[in-house]
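Each chain carries a letter (A, B, C and D) given by its place in the written order, and its residues are counted from 1.
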Amino acid sequence: MLLTEYEGKQRLREYGIAIPEGLLISKPEQIHRWKGDFPVAIKAQVASGGRGKAGGVLRAENASQLLTQAQTLLTMEFSGEKPRSLLVEPWIPHEREIYLALTIDVTAGGYVIVYSPQGGVEVENQQPVQYSFGAPRAFRAQALREILAPVESDGSLRERIITFARRLLYLATAIDAITVEINPLIVLSNGHLLALDAKIVRDEAAAFRHADLSAAIKTSRKREPRAMAQALAGNLMMVWLEGEIGLISGGAGMTMAAMDMIADEGAQAACFLDCSSNPTPAGYSLAFKILDAEPQVKAILFSIFGGGTHIDRVARTLHDILKKRRSKKPVVIRMNGTGRFEADAFMQSVGLTNHPTLEAAVTEVVTLASSV
Amino acid sequence: MLLTEYEGKQRLREYGIAIPEGLLISKPEQIHRWKGDFPVAIKAQVASGGRGKAGGVLRAENASQLLTQAQTLLTMEFSGEKPRSLLVEPWIPHEREIYLALTIDVTAGGYVIVYSPQGGVEVENQQPVQYSFGAPRAFRAQALREILAPVESDGSLRERIITFARRLLYLATAIDAITVEINPLIVLSNGHLLALDAKIVRDEAAAFRHADLSAAIKTSRKREPRAMAQALAGNLMMVWLEGEIGLISGGAGMTMAAMDMIADEGAQAACFLDCSSNPTPAGYSLAFKILDAEPQVKAILFSIFGGGTHIDRVARTLHDILKKRRSKKPVVIRMNGTGRFEADAFMQSVGLTNHPTLEAAVTEVVTLASSV
Amino acid sequence: MSVLIDKNSRVVIQGIAGNFGKFSARDLKAYGTQVVAGVAQGKNLKEVDGIAVFPDIRTACRETKADAIITYVPAIVAFDAILDACEAGCKVIVYPGDGLPVQDAIEVRAAASANGAVIIGPNTPGIISPGKAKLGFMPSFCFLEGRLGVISRSGSLSYEAAFRLTSQGIGQSTVIGIGGDPVKGLNAAEAVALLHADPDTDAILYLGEIGGNDEYAVARYAAQADAKPTAALIIGKSAPPGKKMGHAAAMVGSHADSQAAKVAALRQANVTVADNLASLCSAAQSALAQAAHLQK
Amino acid sequence: MSVLIDKNSRVVIQGIAGNFGKFSARDLKAYGTQVVAGVAQGKNLKEVDGIAVFPDIRTACRETKADAIITYVPAIVAFDAILDACEAGCKVIVYPGDGLPVQDAIEVRAAASANGAVIIGPNTPGIISPGKAKLGFMPSFCFLEGRLGVISRSGSLSYEAAFRLTSQGIGQSTVIGIGGDPVKGLNAAEAVALLHADPDTDAILYLGEIGGNDEYAVARYAAQADAKPTAALIIGKSAPPGKKMGHAAAMVGSHADSQAAKVAALRQANVTVADNLASLCSAAQSALAQAAHLQK
């Protein structure tokens, strides 16, 4: 779960990292609440990256300009996302922008501190230094100091960075964040550091021990389009795509493999829909309900290679669902895995066709979809 | 910093420990906001212990009884403390009350889980079991399981306790709590656990990495009587006492030792006032200002045995303060430690008497205080 | 041992009292795996299907000299269960569950390393050395004893791949499901190293996907002068960027996450990369043929 | 070594660039302590008062073979400074600062133990072995070489006590300020054990206070058959219950926290407990006399 800049900054402040005194507004008329000096920065609160380059951060010299800009920003879209709110902050003069992040080094299987002596929008052109240390208890100030030394000649700044890195680690472990990125982190004339931006990603798997995260996930799911919200509520993993082939599958790997194979046949999947987290009658029924209701879907491929999921049971479930189903959209089945002999026998007995290979099933469903 | 039951329960809920759905009110007329069933428990929110025995928890059968009880509780005092708010919760039927806490084992220098199979008000008569494990990473479910086994025969409950203990540890490290006590933790008929009370103590030393804790400390200091608030704001450690001898001292040990000696002489200190955290002209001036303004204080003992504090500098500061001071309250001085030769020479030169021993100084100040 | 497990592995099933645990016990025994104990925490159970059941992992391992475990417990208690298993003496720990917090995964990885143990998972069907032992819930009939080592980030894809290989008569030495999470117990680099050292493995097949860095670790391995011939299939070429495709790590954020970049890196390292599932067996066969050629 | 430090101790002063660090450097050298290095992190400083200054503890220890450190840094960075010191090879680490979070104190205690190091503090003036070495900022003139080992939870009280002892000609082997925090590096039980093992210490004087459990640890020690004769003074008898008296641990919560309960426990264990400061020296003398008697 990616926090907005404002939410992220509140977390930084909570854990002892200084941020500018800002004002969050959701309507232009709330602008009058800004009691600080000018100029100010006004920033669209969106989850998508590249906001700065897309014109999502503006500078206002006075109140009337600020109002105009607030009106403008609230009507803009950033990668298809409308800002729900705007953050107003003083425009802070500074000499240096640096980059500091704590994230996960998936190769090493642990935490990593990433530092670049030049932050801001140009950070992508930099080669940052990295301190990959694994478990939180393995973090050592001295190790980070030695890594920073060649790229950061300002000793006093180096020590502040180390202190901040320690706090980022404390914050990350306390709230189960998998990324805490500050870009830019600015150096004020007195040497102090201030976080001008914040990107915090929390680990959704840890929601069981964070009621606020759990609530935020629920809220964000409700904001999804109806089909997505339904799928997520039913514990199905779904991503909506552009194509016409509805795909009900089991396991992320085989779902993607089927998508790829559909693409190889010149067609396109309408969705990634993985039922492996809820391989029950309720889960499969919901999957059909969602795809049947979606006009974009012309035909459905039902593809399961079951390990823990016993496909003989899935076959019975599928038969029940298809019997009751009103939609006329064609359904093509390919199942294999645990229980396949029983499944095949049952399907034969009720007149369902189980395609022997994924290739055969994909060819069939692509043909059916294009002939609708 | 001791959190109120309500604040503590919010923390428990945040970290995945179930609590009853309650309503916090600060005025009796807010009682109508209670939309739940009856009977309910209504509980005074105070920091002092023994609330239950002191009548701070009542049971209301209906709305009118609830209103009366709210009015009653808000006028009561618990160890001199008026409740600032009341917590209304459903009265929850349950079969068992247990006790679970995470706190600090000062002997081992680490964390300890404390469990008693019988919680509630009778817990003090129980011999709880303890699992002292040191640093958070040393916590082992299996070790706790083996400690619980002899006292907790319900295996399924045992596993739930272990899961809860792990969460308490996560909570404690995430918010720098030094005590998280749930008493009682109740067992519902479905085997689930619910925290009926919560006592959380946060480590004030960790305020630098928790803005909320830092803010709470500031707020609670403002609530102190004026003299205390002044002392705390000036970084002086002060405890107000009943006596007549104002005590300005350095170091907790010597401050207590002087208090004890005053008591041995049949008098009583007006305060514990330790300036060692702020041994500056501003700190000492503030100490005199506070004691001079307090009519209870009849005479002042200024007692410093300096190590890091150089008493020759203190002597100069003291001379400046006494010159400008308007109060006529007698001041008795005893200083020793780093810089004592320079201090003695200076004091002699300006006509200040430095008593050679604490005994001599205490005898003098007690005499002066009783003759005022 | 072949890789990690073999006929001598002594297996504990944690969560044996549940339906899935009971099925798994029968399934593993049917495959010839030595299931020596079950664990049913908090339950007063003595035996399931002829297997002795213990109240905790430490007791189970002490009483039965077990050295491997598959643990069917929810993510909420997985951290402690895996720590317990590490310290009870299990050297191979399969954790099939998903939803283990990354922070917990990092900690158990460190704990396993400190205890000389290997964790397979999270989010994995487990590991199988066909004809020798199985520690997982993959469908047994898909697998055939042989000399191709297989590593897969996806469970379902590994069944499909093994089924195709087996249908073509290409047997497998060991098939390891490393799982789809960003932080894994055994990662691709470590899995490759195990297969590299295994005398029963002639060539390696890697089944990867978008997101994460595992594919680059495989490429680094394959670029070594002494690497065993390696084939690969990378799925997710049709996945849109910025969307998590089921697996927590399966997302194209940067270019390096994309299927195209990964395929290019693998090919650069002389890995035979299949274009799609249909050409998987020929890619594997090509790697095995290279291996046969090298051995001459 | 006497206890923890002696003439051979090679000391680093961290924070030597500050006023307090500079004073401390001169003060320790004046006492004959070998101050071999200073550390001024983040500062480009080569030397203070003839002492070589390094940018970090590891470099300082490597270059100067230092084995002890006194670290004047604020609590916010103390955790990392102490970890660095442990791993740089310092075997004795004095941390005088107060305000170290309990969680951090627990961690550094564990780290010290893992590295075979001892932390004195937090919230301590340090340790002194009169006539041999000083690692702290206690006023030197208060101390006299001798055979009484002293342990104190309070810095200021330890100066007063040492001054009284010295005035009476009662010398001290080592005076250890264990500090007033609830979780300490070296606690009373461990300090007593060190003095017990020290051949230069004949008897022990313990200066305690209300709150915490250290006094009971001392009583447990004194009750041992082979314990060295022990005297004690416990302050805080006039402190009201429920109020924290300066030190984080100095509060009477339960009866066990009270001065009376502690005095009773100590007397029960044959400790000579002084009623007040005035009788401190005679209590110490009585312990030393017992020791002399035992040695005959």
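Heads up, the rule we're going with is that a contact is a pair of C-beta atoms (placed from the backbone, for glycine too) under 8 Å apart; a residue touches a chain by one contact, two chains touch by 3 or more.
Note that the structure is predicted; figures quoted are calculated from it, not measured.
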Identity of the chain that, by mean CA position, is farthest from chain A: D
Pair exhibiting more inter-chain C-beta contacts, B-D or A-D: B-D
Centre-to-centre distance between chain D and chain B (centres being mean Cα positions), rounded to whole Å: 26
Geometric centre distance via CA averages, chain C-chain B, whole Å: 53
Chain centre separation (chain A, chain B; CA means) in Å: 43
Multi-partner residues of chain A (each touching 2 or more other chains): 137, 173, 208-209
Chain D residues counted as touching two or more neighbouring chains: 76, 107
Touch-based graph of the chains, sorted into line, ring, star, complete or other: other
Listing of all chain pairs that touch each other, if any do: A-B, A-C, A-D, B-C, B-D
Residues of chain B touching chain C in the complex: 137, 140-142, 145, 155-160, 162-163, 166
Contact set on chain D toward chain A in their complex: 41-44, 55-58, 76-77, 79-81, 83-84, 87-88, 107
In the complex, chain B residues that touch chain D: 79, 104, 106-107, 109-111, 134-136, 138, 172-173, 176, 178, 203, 205-206, 208-209, 237, 239, 241, 249-257, 259-264, 268-269, 272, 274, 276-277, 305-308, 336-338, 340, 358-359
Touching residues on chain B, where the partner in the complex is chain A: 13-16, 137, 167, 170, 173-175, 208-212
Residue numbers on chain C that touch chain A, as the complex places them: 20, 75-76, 96, 98-103, 105-107, 109-110, 125, 136-139, 141-142, 152-160, 163, 180, 182-184, 187, 189, 207, 209-210, 212-214, 216-217, 235-240, 242-250, 276-278
